[in-house]
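There are two complexes below, and they share subunit A, which is joined by subunit B in the first and by subunit C in the second.
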Partner chain A sequence: MKTLTATALALILSAAAFAAPAAAEGKLTISSPQDPGGWDPIDTFLVNWASVATNVFEGLTYRGPDMELVPGLAEAWEELDEGKRIRFTLRQGVTFQNGEPFTAEAVKFTFDRLLGEEGGKGPQQSNYTSIAEVQVIDDKTVDFILKEPDPVLLTKLAGYGAMIVPPKYYAEVGDAEFGMKPIGTGPFKVTSYEPKVGVKLEANPDYWGGAPKLSELEYRFIPEPATAVAELQSGGVDLVIPPTIPIGMIPTIEADDNLEIVSTAGPTVAALRFNTRDGITKDPNVRKALIMAVDRETIVSSILAGQAETIGSFQGKDSFGYSADLQPLPYDPEGAQKLLADAGIQPGATVEINTRGNDSTFNEVAQAVAAYLSTVGIVATIKPYETNVLLNDIIPQGKTGAMFQQSWGGWTFDYDNTAYAMYHTGQKWNPYDSDPELDKLLEAQRPMTDKAEREKLLQDIAVYAADRALEMPLYNLNAIYAINKRVENFTPAPDSRLKLNEVTVK
Partner chain B sequence: MSRFRSLEFILGAGITLVICGLVLASGWLFPDVGKIDLMARLLPPFQQAGHPFGTDPLGRDVLARAVAGGKISLTVGLVSVAGSVVLGVIMGLVAGYYRGIWDVILMRFADVQLALPFILLAITVIAVIGGSLTNTIILLIVSQWVQYARLVRAQVLALREREFVLAAQAIGVKNRNILFQHLLPNLLGPVIVLMTLNVANNILLESSLTFLGLGVDPTIPSWGGMLAEGRTYLQSAWWVSVFPGLAILFTVLGLNLLGDWLRDQLDPTGRTER
Partner chain C sequence: MAGFLLKRLLQAAFVVVVVTLIVAFAVRLTGDPALMIASGATEITEADLARIREGLGLNEPFLTQYLNTLSGLFTWDFGNSFIGGTPVARLIGSALPATLALAFCAMAVSILLSIPLGIWAAVHKGRGVDQLIRVVSLVGLSFPNFWLATMMVLLFSITLKWLPPSGMVGPASFIMPAATLGVILTATNVRLVRTSMLEVLNSQYIMVARAKGLPERTVLYKHALRNCAIPLITYMGLQFGGLLGGVVVVERVFNWPGMGSLAFDAVASRDYPVLQSVIMVLSTLIVLVNLLVDIAYGLVDPRIRTE
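Let's look at the complex of A and B:
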């Protein structure tokens, strides 16, 4: 008994000894649905790459969960030559996790690699083609020379392909090895990566923003939601990140006293887009009638458990180009019936809705939409496709039914990313429509450097698209995190790019 | 022994008849089976008068859907098995009896077919010809006839050297008659066992296809589709998937009992291996 007490006492003392000096003790285990297969910034476009890599790498700018663009590895910047040159003043005294200093040369190396032959093999280069060249002015100054002004560039420098990489280390280990053992300037360093299983990170005590408050991070790749939730319930993981948790599992998590759901409006918006070329949906009034026939508020509050918000255009409220003035069309079945009657649509007219077969939540939504349409005399059938077939064949080739699912979201939260792809003539996602007026608007906003002017134009585009009822805007889905209550100081990132240096565990 | 066997028949036939009867009468029993009511989502079973088995995530009655869902599932299960049996048995008989070039061609073809994983085949085929009930059935037939062909061929190889076949050949019975009158009845036992297993299996395969979005319109209920829909609700609303699951269970049980009994009737001395 005595020895037991003594042991216990020793344990408590040693635990206290460890806990006292170190804010940097504790491990957080995270379930991520996807293994990106490597960590090189120029080789990926997966959001779950960024869920890990935001802790490892940094860019010249930084955008956190509050969506404000703030200085990252650059302390300041100014736009010169009417937006065709951006001058960055670099942060001093920053080192990479292997001790290599962060310099102007590293910035130049990063973008030479991204825009050169190496970057051409990956998917990131195309996002940064507005950059003509990076010039080193002195140790702490670089100039970005642009081919044309790019209003979204500063945001794009906060993520993915623009993450600064260490030139010496890269030269030492080579390309393949760098993808497996990445080194950046971020608060955590990758210690081991096992493909398909997980990746382990340890704190970088020399991080310029202050040592992180956790000593260890472990990401486990768990694609199956039921498994991830079971692990969360059993304590095997502390945090399940999007896009994992299906709406249907939220009650299960909320019923558990140790767990909770934290969510925030995410980048993903969902709509049923119309075939504006053929059939009854050729008529904008019919399209409006179909929108009015569907009670989107009820769909959001019931099927989506309130984890979404209805939208009036194809963007969420965090999107640049959103305007609160543009409200969704009201739910008005009588008005819809009148519009249909005026358009000469007989009761019993049919529409086909195409969905992604493996998206269980959206298939429920589509069935509810079909039920609402039946109340105004439209017979809707649902034809699901395998996701890749729908995205790479059915939609681009214009082989859809009258309506088809489009789930969309870009981490830049800029409406241009959506509107240009959806509405501009000849785009992959726009098989049916061609509107010279709209094309002109879309092209006009791209080179604008005046932020307010550009925002106004993007808002006008949203109104224009809504007037033509080019799609049935449904909702902006939340980014849903399930978390163990022992985790503290966690802020859900709308774009799933979590930086965990301020998080602690009990 | 015989009492147990007749009990098997009564249970098997009883369960199968009740399920088939209910499924056939579903249109009359539940006229508004697909009615969506978002105000009555996920009601638990045994509490609401109108919904004895509760409601699903769209507020539809689970009992009505579980009964109506049998139409698709039983059609797929039975028709696809019947189709692959006919195709597989003929191929197996021909290959095993005539040997030679037919055997080589058919069996190498079967090897190739077995090397293709079903889901891969399904995704490819559905991507090319599109998803529908007929296509799902054809796909299942194409992917499963091989099993019957191999089974039958192996049986024929053993039987063709037996005295009754040699005797039939000696007195000049036509090959076609030997195949269908002498060989076929003697190898039906294992085929029937495999059939009863495959009906269940195909109901489940139909469900995985529906789950992957390769199957039929989700507004038309099917057991597999209901299981897939209820999966994410398993912990919070078990009834959504448990009742269609039970429907599959009892269907399979009934068919297996019936198949077992039938096998014994066709092969009373238990000559063929079980």
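Let's look at the complex of A and C:
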């Protein structure tokens, strides 16, 4: 009898376990590929921190999926002293999720913490070093005093390290506990966080922007794409967020009537960068020939299933500094052969391509590139490295082959972020090249507060880099979301910073 | 006996120290965690990196860092994860039970299947049943566990929607991972049970028992099984140790929040404290299990003690 009861109990329990994911009206379950390990805004740079935390925290400014910068916790702002002082008027009547009022002091506290000793231990401080000090003018006004004008600062205030934190709560619970039980002003509040398993959020009914339409959010950390897709197919999760879905799994999802793929141009651009210091790629004409030898359109339409767009410079079309006028070099194998012959390159010359070993999609792309190169007589070998070894040793130390993978994308969508890191002399990502003229251009655009003027200069930099053929620009990859059709009002965010207060479920 | 125990204990401690020392040393050759942590920053100076390293305690000499980790075994304070700063003890505190539970379930599946099947095959040696069991176990042995796991997910989660495909959300979620691990262990164990059973069945005391006219059941379960149980228990004990370290792939496929997943993520993100502590705890456990097996052996077989 006892065993019978136990068996029955086990059956009921397991039945409850099946039923759990499907039930609960107004709950959205999301599969995220990575646990950021904590929720303190100053401790992380991970995109998958932001895909959760954008619901919890807010900044003075806000940038949604449409990429427009709009007021957040600040209602308005103005630039004073030639861009060296920004005055923010704060939204009134906002409270943190624990009831603590949002005040000018909270803004000052947030940035004192970010720029002080505590922020120094994390990766976010270096993004905000243009701020000298935050001054409280009165209850609803704060001034940001800048060391030099920073045209990207307003965008940076919309995310990551600039998220406003509650000073009283922080003082009560301390640093470690705050990372586990974060409190912000956002539409959802974290109720429980289980490291490596998931995080649960509930609606904040007092949200100043109106109560969210869902009552609950659950994020589950599922790093393995096949597992995440299996959960989606079996109804265990409703949404799989980037960067999870590999191109190869798109047909599986499209074949399922309950599911669909939603995508939008993302921040990530991919290129094969050249060793411009040694070997055959030292010659700009050879570099151009290599670019012309590769049919990038076909790579995008076949290997990438159209989930990308070819690029002429190392940025996507949402990037500040992009210009439609700058077209990629055309696919022209004959022209390439001629350029190679003129440069004195014999057929059979070799190049090595270094890739990230775990990036299966890019490795397919690299194989296609190698095949195209062989049609113009260049023998390309692909040598993958473990991602972190490639990023932190092989590239910065200048130990790559003639070409190496660079997948890059900053959430600010500002070409400065890319160009400065890639092309300025002495930068970590620029082990081979040094061009004083390019350095000068890169430095000149940084303090410019005139938006149009700065955009023009960034576009000029893109043209300059393309003229020198510093990299083989490949494509701008989409941010790919796989979603259950029962989810409504979902807008894919290019930068994965999801704010889900308007989303509903059927 | 005391001398034997002391010798074995010292050997065990030595193994743990060597394993953890190698891991601590090797992981430091694979890249700088400060660079990883800073890789989202637009620009990073050497001073920024130095500050981050100091925050992580990486400016201390290697030996100090290593001893700090090692002391965790006694204080249960393993420091904080480099990624997000969660205390490592908390991560291990939830991952270790998950892995142990999974390993127990897998062992249970394997024992419940392999002992009856192995005996059955031994008794019917050379006949159809025996052949069938041997062939099936050979096939089972050749399955890669990730393939088996994927096929089960496809059938039971996606097509039939009976079982949750991943995570540890209730008793139902144990079924597939435990079955995956269990089936593969069973394949080995059936053959082991069969062989040792055969050996025993051929011995003289079994012949005597049968000649006495004892019922076959008593002969099999009382005389034969008891005698071949010792090597089986030993072998399965070792297997359990191996299972603790060998569940990485299965944990990954089923997104099981255990030690394997923890180690996997820690390697990918150069999270030294997590990786070192996971390896240290696991190797200590494995060494302890082996030690217990050794001691049990010594108790049973006096010849081993005098070696």
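Definition applied: the second predicted complex is superposed on the first by the 481 of 506 C-alpha atoms of A that agree within 3 Å, B and C clash if a C-alpha of one lies under 4 Å from a C-alpha of the other, contacts with A are read in each partner's own complex, and residues count from 1 in each chain.
We take it that a residue touches a chain if its C-beta (ideal position, glycine included) is under 8 Å from a C-beta of that chain, and two chains touch if they have at least 3 such contacts.
What you are looking at is a predicted structure, and each value in this text was computed from that prediction instead of being measured.
K.L.:
Based on the superposed arrangement around subunit A, label subunit B with subunit C as either clash or fit.
P.N.:
Aligned on subunit A, subunit C fits beside subunit B.
K.L.:
Looking at the overlay, does A:I299 come into contact with subunit B only (first), subunit C only (second), both, or neither?
P.N.:
The answer is first: A:I299 touches subunit B but not subunit C.
K.L.:
With the two complexes superposed on chain A, say which partner A:P246 touches: subunit B (first), subunit C (second), both, or neither.
P.N.:
A:P246 sits against subunit B, while subunit C stays out of touch.
K.L.:
Once the shared chain is lined up, is A:A226 touching subunit B (first), subunit C (second), both, or neither of them?
P.N.:
Both partners.
K.L.:
So in the superposed three-chain picture, is A:T350 touching just subunit B, just subunit C, both, or none of them (first/second/both/neither)?
P.N.:
So A:T350 meets neither subunit B nor subunit C here.
K.L.:
As a test of reading the superposition: which chain, subunit B or subunit C, is in touch with more residues of subunit A?
P.N.:
Looking at subunit B versus subunit C, the one contacting more residues of subunit A is C.
K.L.:
Quick one: is A:P36 in contact with subunit B, with subunit C, with both, or with neither? Answer first, second, both or neither.
P.N.:
So A:P36 only meets subunit C here.
K.L.:
Output check: A:N489 vs subunit B and subunit C. Expected answer is one of first, second, both, neither. What do you get?
P.N.:
neither
K.L.:
Of the two partner chains, subunit B (first) and subunit C (second), which one does A:V389 touch, if any: first, second, both, or neither?
P.N.:
After superposing on A, A:V389 lies in contact with both subunit B and subunit C.
K.L.:
Which partner chains sit in contact with A:Q92 here, subunit B, subunit C, both or neither? Use first/second/both/neither.
P.N.:
A:Q92 contacts neither subunit B nor subunit C.
K.L.:
Examine A:N363 and indicate which partner it touches, taking first as subunit B and second as subunit C; both and neither are also allowed.
P.N.:
First partner only.
K.L.:
Between subunit B and subunit C, what is the tightest CA to CA spacing in Å in the combined model?
P.N.:
5
K.L.:
For subunit A, give the residues common to its interface with subunit B and its interface with subunit C.
P.N.:
226, 386-387, 389, 393
K.L.:
If we count contacts the way the header does, which residues on subunit A are in touch with subunit B in the complex?
P.N.:
Interface residues on subunit A, with respect to subunit B: 225-226, 229, 246-249, 251-252, 255, 298-299, 302-303, 355-360, 363-364, 366-368, 370-371, 381-387, 389, 393.
K.L.:
What does subunit A use to touch subunit C in their complex?
P.N.:
Where subunit A meets subunit C, its residues are 10, 13-14, 16-18, 20-21, 35-40, 43-46, 120-127, 176, 179-180, 194-197, 220-224, 226-227, 230-231, 233-236, 386-389, 391-393, 396, 410, 417, 420-421, 427-428.
K.L.:
Would you pull the subunit C residues touching subunit A in the complex into a rising list?
P.N.:
Listed in rising order, the residues of subunit C that touch subunit A are 30-32, 35-45, 48, 51-52, 54-56, 80-81, 83-87, 90-91, 94-95, 150, 153-154, 157-158, 161-173, 252-255, 257, 261-262, 265, 268, 270.
K.L.:
For a test of understanding, state which residues of subunit B touch subunit A in their complex under the given definition.
P.N.:
Within the complex, subunit B contacts subunit A at residues 35-36, 38-39, 41, 57-58, 123, 126-127, 131, 211-215, 217-219, 228-229, 231-237.
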